[in-house]
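Two complexes are shown next, each including chain A; its partner changes from chain B in the first to chain C in the second.
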Partner chain A sequence: MIKLELKNIVRNPLVLILVLFLFVFILFASYSGKSRVDKQLEGIELVKTKENTFYTNHKNNLKFIENGTKEAPKRVFEDPTNPVAMGNYYGGTYLTVTPAPLSVISNGQSDIFPYYSKVNIGGTNAEKDNDNFENPMNIATGGFDLAFVFVFILPLLIIAFSYNILSSEREQGTLRLLLSMPINIKTWLLKKIMFRYFFLVLLISALLTLSLSIIGANFLNTSYLILLSSIVLYTLFWFGLAFLINLLNKSSSQNIILLLGTWLLFVLIIPSFVNILASSMYPSPSRVEYITSKRAIEKEFEKKEEAILQKFYEDNPSEKDKENDATDRFRTYWNKNFILLNEKNKFMDAFESKYENQSMNQREFANKLSWFSPAIIFQNTMNEIAETDTQHYLSFQNSTKTFQKEWTAYFYNKYKNHQKLTVEDFNNFPKQKNN
Partner chain B sequence: MILLIAKKEVRELLRNNRFRLISITLLILLVFSMFISWNTHKKVLQEHQTAQNLAREQWENQGKKSAHSAAHYGTFAFKPIPTLSLIDNGLNKYLGVSIFLEAHRQNSASYKQITDQNDLARFADLSPAFVFIFLMPLLIILLGFNSFTTEKESGTLQLILSQGASKRKLVLGKTIGIWLALLLLLIPVFILGFCFIVFSDYGNGDLLRYGFILISLLLYYGIFIHLSIATSVWAKSSNFSLIILLSFWMISALLMPKLTADISKKTHRTPSPIVYQKNIKEELADGINGHDLSSKKAIAFKDSLLTKHNVSSIDKLPVNFYQLLMQAGEKHETTVYKNAMTQLNNIYIEQLKIHQLNAFISPTILMRMLSMQFANTDLQSHYNFTYQAEEYRGALISSLNNGPKGVVNTDFFKKNIKFEYQPITLSQTIEKNASNLMYLIIWWLLSGLLVILSVQKNKLK
Partner chain C sequence: MLEATNLSKEYNNFSALNNLNIKVEAGDIYCLLGANGAGKSTTINLFLGFIEATKGSVSINGLDVSKKNMETKKYLSYIPENLMLYPTLTGLENLEYFVGLAKKKYNKTALINFLAEAGLQTDAHSKRVSAYSKGMRQKVGIAIALAKDAKVLLLDEPTSGLDPRASNEFSTLLLTLKDKGVATLMATHDIFRAKQIATHIGIMKEGCLVESFKSEDISLKELEDLYLETIDS
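The block that comes next holds the complex of A and B.
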């Protein structure tokens, strides 16, 4: 029977066309995924070069200054011995999101969240200023990535592959012949479906592996196994559905309509309703309100500044003496600023988190309801494998905040003790731990 | 005769359980999505008005300071929400909602709504436009795919033809029948949409815009009706006809838009943010900086001013040198930012042309562009906003740079100009998207031609 089935499938021109299309889609999607990842890698390279050039130049200057062959520059921002000048202003380090090995499989949220952030004493710019500059029309349309091919297109191919297994027999008049044979029609159908299922799963795995090796992605890891097993499960779901609908014993056209209806339901309608439900239960924060409130709260902080300094000096009387000692404008300013920056960060974080939490609740709620549709689960899994899901970008933004503290502490220590930076120090600046 | 056929067709369709079920589902989706977007629209509108007033209040009460430090303090322009975003929210979610206006630099619009939403907001977004543009064609396909094939399969076609009905009349009658069944569903929805617009704070031309969206939609549906009829006449079995039509829908609504997005990204690459900012920085360094008196450019500017007025030092100038220098710097900075943004916008426009080109394969792309253009939720209206915000920024900063010397207070700030947004007029919209409308008509005509051809090819026997 298997031999016959195989012959049937291979000889069917429709199947050949479908296979061909599937291959073209997978290959194209892999390529466009790769070009997106390449663009990201290029951008990372650029920011890293920029940072390295800045610090190498200053380090070289510092060598001359230490030798005594050059004098420290007059402008304080250009002085490589000054910790604040090197840790702030034009200085600072770029934190980046390194693409996952299988990042090509899903665009996810990569086109709306920035993949790098400049961190210095002044703060981070993870949430702003480094927009991705993609056409909003293209962002709204979404890309042709592997996630799209598997989540949206694959079920349609499965439908085309299995909508008429039973009905075609009836329409050709061979059903009676079949019924007259000593076999259970359900087992017969199940066998047929199973065969097609294994055929398609093997085909996809082969095509996917081939495409990924053509574009040179690294797929020798457990994520790839997870991806393959999700494909296996997702495909199983759609074949199972096709099996049930075949059992209803309707005409081929009715089968297509029913299957297409379920496709719309799982792929478009349930996700839309979950989205609507989540965003009406937990509305996204209003950013227009945020903008004006932020202004108000910044003003409020300004009013508090004197009191904060007062309190700080009361708690740390030794700092107060230093304050009086400060002679130049630069130190007077930074003595205060270091104290205030820390407080301001705390103050603003408390304000921001109110807005962040609102979106967080919405996301959590939507994730809870994702079980209503295998399409959502599959899409989420692929985003997670590709590390392009919202959560990944948000934790990147959080890690920049943590790192910013480490960075500031390093330079503040030097500054506080009136230390001049040495060439050795330049090699010891805090570095991003590889995530 | 034609009417008779049409009547019979409608009656059959209405009796059809499948049609009833699908129409009711679509109707629920449409009404539901309209209510949801009306609700959001009202809320967002309220927020924007409050924010705009609050921002002005903050500007006026920013305290005593010099006029130029007020320019650094800056203010915000909020993007107004067009009324027709009720029907088609277009790209709004993916575009920033406000622009920070400050001295020396042009900021782009920030805070996109999408970054605050759950991931599903990108997966599928149920809006009236989505149902109208993506789902309605499916209904049309289901209405028309077997209009002739069943007659062929059951042999009734020959019966009808032998009774003296001409093929042409039969096709025309069936087409009208499908139209009538479709309009029966659509007209109440169209009226509902009309009511929502009337009851919200609609502006000049909004109703006409809505009318244009409806006309384009009807043309768009016409294309699908034509294709369904033609395929049904041409195909031997209902099954085959259905598969062909669904494949077309899949290509038009699903594959082509996404393919186009990826292709346009490759043919017209956008710069990476770091390169973009580097270029701006280099160009800025190339001109006058209003805060740097010692730079070569500033000295040259001073000398030229001195020679022009024939005096020996800036104290003797009849004009305020520092204000002029600041304004000269501002002018240079404005040009640099404007050039950079124009370049980026040009890339976007080129990418949109690729979308337009691919509309020859997919009428859905065309319809989507048309509907967001008429709804004022496309890129062009966003540029209109950024452009006007930039003009306003220029005027405001220059009035501050030329303002009184020394400290100014609330009285002065109250007199500063306010940001008044002028939305794109209907004639501007039509001028810009006349080509899209024309392509849609071409699609309609060509698909109509296909129907005529299929009849003449004598496939009906």
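The block that comes next holds the complex of A and C.
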């Protein structure tokens, strides 16, 4: 029976066209994902090379200074022995988001969040460094990735593959003969649907594996099994829906209208509704508003600088003595600057947490509502597998902030103790963990 | 083998079948004649269990169709007016598929023999059914009945639209099945075929069986006159 079902399917020219389309979509989406990941890797390599060149040159200079064959540069910003010069200004390190092995499957939030961030004593500069020009069409369409193929297009293929299993029997005249057989028509329909389900799942798995092999993606890992399991479940949902619609005993045209209606509902209407509801319940400020407010806050801070310093010296009189001890303009400036940077970070953290909390509330609310649409759940799962989900980028942002404190502390300790950097110190600069 | 007792079927106060009593024994061919809407197809549908009787009962092989529908379908084979098969499969594959649904298992040679016995030319066995004529599809229907080892054959105007040669071949096949002890109930407009193959003939009008007699008791001419007289009255 399986052999005959298979023959019945593969001899249908429509099925062959669907398979061909599916393969083209999967392959194209894989290439699209790969080009995005390649671009990300190129960007990471570029900034890392820039960083390595900077520190290698200064380390080499330092070797000559240490063995006395060269004098320390007069310009303080070029002095490799100066902790602030090496930890700030042209110095600093790039923290990067290394693409996950299956990052190719979903663009997720990668077009919104930066994948690298420059960290130095002055702070983090994620927005400023990620100023690549993006094809406006890509932004408008959201990119053609595998997540798009599976979340949006796959259900349409399933509908085309299963909308008329029972109705076509009636319309082509085989139903009466079928009903005269000693079979339960619901069981028969379920078997037919399950056969098509397994056929399509195996086909997708094979085409996906083939496409990922062609583009050279690393997919021999647990994430790939999770991805396949998610596809299996998502496909099961749509075939289950097709089974129920077939059971309604309507005509093929009525079935297809009903199924396309449910596609619209689950894939477009509910996700849009969830977004609208989340945005109206927890409205987040626009990027322009955020930047304008940030600038205003920074200006406000600048106005308060003198008062902040005065208060700090009142609370820490010993620090005032240090300022008086400063032997050059550079140290005078940085004695104050370290105090102000610390206070500014606290000031800005309070400002940013207000926006972050609003975004977090919005996300949590949307996540709760996502159970109304398997399309949202599946999309989120794909983003998590690809590590292009919001949470992943926010973790990166948080780890960047934590790392910035570690970086500053390392150089501040040297500065505070009037220590000059050594070649050994260059090897011990704080480094990004994981990623 | 095949029995209807006080069988009635109503649709929204319209009586499609009224108090029908017929019995078809093994080796009998019972032809139901009548104009369109006389209740012939309703009778066939009731035996198939496609619709439920308003009153009375139908049984196949002693089993009540309304209670043991799945069981009764093991004993019957059905050929509608226009038997349709899966166009992308060959005749042989269609036979294998439907016989498989009836939980019967045969090897390829046995299936080919059933098709041959049903009179389908050998070169057509492996051709897709989309290229078959109606007569060829009817032969596959007979092959299904043979392979299913059906005790009861229900036919709803099976020769309608067949050319005389194909119709004649089909009649011969029914006689072969009759000799094997199959009880056949056939709804038809074809008086000539009915007289040729039936053991019993019934004439229906407006849901009622108005005449029922043995075929041998009446000549073709008398049958034709009686039929016209009945439906015109």
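Here, the second predicted complex is superposed on the first by the 394 of 435 C-alpha atoms of A that agree within 3 Å, B and C clash if a C-alpha of one lies under 4 Å from a C-alpha of the other, contacts with A are read in each partner's own complex, and residues count from 1 in each chain.
The criterion applied here is as follows: contacts are C-beta pairs under 8 Å (C-beta built on N, C-alpha and C of every residue); 3 or more make two chains touch, one makes a residue touch a chain.
Keep in mind the model is a prediction, meaning the values are calculated, not measured.
In the superposed model, A:Asn398 makes contact with neither chain B nor chain C. In the superposed model, A:Ile183 makes contact with chain C only, not with chain B. In the overlay built on the shared chain, the residue A:Asn12 is in contact with chain C alone; chain B does not reach it. Legend: residue contacts after superposition of the two complexes on their common chain; A:Ala278 is shown touching chain B, with no touch to chain C. Contact with chain B, but none with chain C, is seen for A:Tyr290 once the two complexes are overlaid on the shared chain. In the superposition on chain A, A:Ser229 makes contact with neither chain B nor chain C. By the touch criterion defined above, A:Gln419 lies against neither chain B nor chain C after alignment on the C-alpha atoms of chain A.
Between chain B and chain C, B contacts the larger number of chain A residues. Of all residues in chain C, those touching chain A in their complex are 48, 50, 70-71, 73-74, 76-78, 80, 82-89, 93, 96-98, 100-103, 128, 141, 144, 154.
Residue ranges on chain B touching chain A, taken from their complex, read 18, 22, 29, 36, 43-44, 47-48, 50-51, 54-55, 58, 76, 78, 90-91, 93-95, 97-98, 108, 110-126, 130, 135, 138, 142, 145-146, 238-239, 242-243, 246, 250, 254-255, 257-262, 264-266, 269-276, 278, 344, 347-348, 351-352, 355, 378-379, 382.
Remark: chain A residues 1, 4, 7-8, 11-12, 172-174, 176-184, 188 touch chain C in the complex.
The residues of chain A lying in touch with chain B in their complex are 28, 32, 35-36, 39, 42-43, 46-47, 50, 108-109, 112-114, 116, 128-144, 148, 152-153, 156, 160, 164, 171, 252-254, 256-257, 260-261, 264, 267-269, 271-276, 278-280, 283-292, 295-296, 299, 355, 358-359, 362-363, 365-367, 370, 376, 379-380, 383, 389-390.
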